[in-house]
Amino acid sequence: MLREVSFSAAGGELLALRGANGAGKTTLLRILAGALRPSLGEVTVAGAPVASVEARRITGFLSHQSLLHPTLTVMENLEFFATLFSLPRPRAAAVQALDQVNGGYLAGRRVGELSQGMKQKAALARCLLHQPRLLLLDEPIASLDRTTVAEMRACLARLRDQGLTLILSSHQEEAFAGLTDGELTLERGRLLTGAYTDSGTRGGVAPGPAPSDSAAPAWGSRGPQAGASTSGTRGRAAQGPAPIEAMR
Amino acid sequence: MNDWRVFLAVLRRDLRIELRTREAMLAMGFYALLVIVIFSFAFNADAALTARAGGGLLWVAFLFAALVALDRAFLRESAEASLTGLQTTPASPAAIVGGKFASSFLLILALEAVLLPLFAVLFNAPPATRWWGVIATMLLGTWALAANGTYFSAMSVHARQRGLLLPLLLLPVSIPAILAMVQATQVYLSGAGVANYWLKLLVGYDIIFTLLGLALAEVVLAVE
Amino acid sequence: MPSSFASPPDAPARESSRPQLAILATLALLLIALYWALIGAPTEATMGTIQRIFYYHVPAAFAAWTAFGVNAIASIAYLARRSLKADAWAVAGAEVGLAFLTINLITGPIWARPVWGVWWVWDARLTLTLAMWVMYASYLILRQLTPEGSLQPRLAAALAIFFAADIPIDYMSIRWWATQHPSPVLFGGPDSGLAPRMLVALLLSLAAFTCLMAILVWMRYRQQLARVEITRLRQRLALAEE
């Protein structure tokens, strides 16, 4: 269950989404990505409802699964997605996206034959097809080897510098050390860190930041607004489709 | 209209996947064949039986084949969670579901194309059979099964006992269509009688349920 | 959030007396209807005593159809407004309707056997009843097999709308089919020459069954809301504790 999660992020920022297992990180990312429907309340991305075409057009979603069909080639998968995004020239968009991730050599290969690292590259290309402004990453480097992780990190840094907003949830925090511009901490469905005042991509549920639940000691905060706190509580596994409660 | 492009893209993709997963097609084809063969044993198939009940027998065989093909409509999306991928795009659910209707329709038709000649031979279809009528019924009836079947296949993705749920949902709703298919086929097999009422019913049924499925596509695709 | 449907143990007697009253009234009505059905109404000329089943067979169908109507309307309302109450009405209507339809389906053959010597006839009405029974049973199975939460009501509502479109077509097709296979009509229709005392028995039974159906639907509706609330509270508890 998520409650009153509201935050702003500027373009060209990478926010780390932190929280214990079950705090709601995956749920939040999936809801913002449109893959999960909130059972209560409203979710907006950049002012548009999350299920709207506008929100979908500016959002990309990368998870540890590539979301590509294994029997098709990378190119076929990418062209298919490009069509789903109503891009006027799917093939060109696919080629360009692959170049962005240095994955040109993957084009003709079947996804099922690729290693995990290559699959994730192709998946990242899938996310970039429609040139999103917001990229949501849910455990993107799980089970990847070190080289690929380094490549991925470099790629994400590039994207950030190009002005994308990235929200990243990963258990392997060291891999992204030095890259993070700020943090969002979820605890039992509540957002502990406050919002950023810069304009840019705003994601939000209901108006108003959520109050902090526990007074656990803060641990290293970065970014303009401090106040991150990861308490040592163990969360419970998220149960099924999670309602977002909006206090009205 | 981009919906049209999405529809075609989904259709093409599904067909491509099926053609590449040749073992699935082979297994389905063989399954269809087996059904007819076993039926002919079980019912002591002969011309007299076909004259009385051929329509029903043929369509039960078609139903078995259809259920197998329909199950795959959304089963093939389970690898790499590709259904989630579809949900994160702005593509309209109706276009996606519509594309899957179409691909299921063609796949089931392919299976029936194998079944029909086998049936004609093993069941000694009478020479007076009006085949154009049988085929017309086949097209309309398959459309009905594919439309509702795809929709309920999408529904069962979210449920436990997935394999069981699809026929449980599809068959009751399809009762009027099944009635029509069987009766019409029987009329055409016997070479006499008029099946216009049944064909008209099928057309109406097809249109209504296709529209309904498309209108409610979002309900069935939305949550994963 | 709705908290009014849980009645605390110390509620004043006045609050809980209305449902009790309705239940008592319905029981009374059922008993009166029973008397009329078994004794008050005259014995039918051709069929004999077995015809008295008519006074349960027909009202059961009527109650079932009404309950299904509730299900259809509630399902549309749910999809339009996502109201949990609408969904509760929907599931209540389906379950109670199916129960009454079962009564209808069982009394049919019991009636048919002594009168025509066969358990089942492909009479248009019986066939339609069978088709509907299968449909609503599948609806309940769908609900059973989908996880609770926001998914179950949405899928169920979509299915219910499919039924609403399907049943008229079913009716037409089965009727046409039945004309091709003529079989004895189960009864000449409730308005075809019923003796006045028979009419009274029928109307009483209709009233009694309708009241019974209404009460059962209402009770099931409340139970569903309570069930949903309990699940919600459990979830919150799970999050709050540790």
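Worth a mention:
Letters are used for the chains, namely A, B and C, taken in the order the chains are written, and counting of residues starts over at 1 for each.
The rule is short, and it goes like this: a residue touches a chain if its C-beta (ideal position, glycine included) is under 8 Å from a C-beta of that chain, and two chains touch if they have at least 3 such contacts.
Only a predicted model underlies this, so the values are computations on that prediction, with no experimental measurement involved.
Central chain assignment: B. Criterion: smallest distance from chain C-alpha mean to the mean of all protein C-alpha atoms. Among the remaining chains, A is positioned farthest from chain B, on the basis of C-alpha centroids. Our note on geometry: chain A versus chain C, Cα centroid distance of 49 Å, whole angstroms.
Each chain gets one centre point, the mean of its Cα atoms, and the points for chain A and chain B are 39 Å apart.
Rounded to whole angstrom, the centroid-to-centroid distance between chain B and chain C, based on C-alpha atoms, equals 32 Å. Shown for chain C are the residues in touch with two or more other chains, namely 147, 150-151.
In chain A, the residues that touch at least two other chains are 37, 241.
For chain B, the set of residues that touch two or more other chains comprises 222-223. If you check the complex, the residues on chain C that touch chain B are 79, 131, 134-135, 137-138, 141-142, 145-147, 150-151, 154-155, 157-159, 161-163, 165-166, 169-170, 172-174, 176-177, 180. Within the complex formed with chain B, the residues of chain A that make contact are 30, 33-37, 51, 53, 56-57, 59-61, 63, 65-72, 76, 80-81, 83-86, 111, 126, 241.
On chain B, the positions that touch chain C within their shared complex are 148, 155, 158-161, 165, 168-169, 171-173, 175-176, 179-180, 183, 197, 201, 204-205, 208-209, 212, 216, 219-220, 222-223. Interface residues of chain B facing chain A in the complex, by the touch rule stated above, are 2, 5-6, 9, 13, 16-17, 20-21, 76-77, 79-82, 84-91, 222-224.
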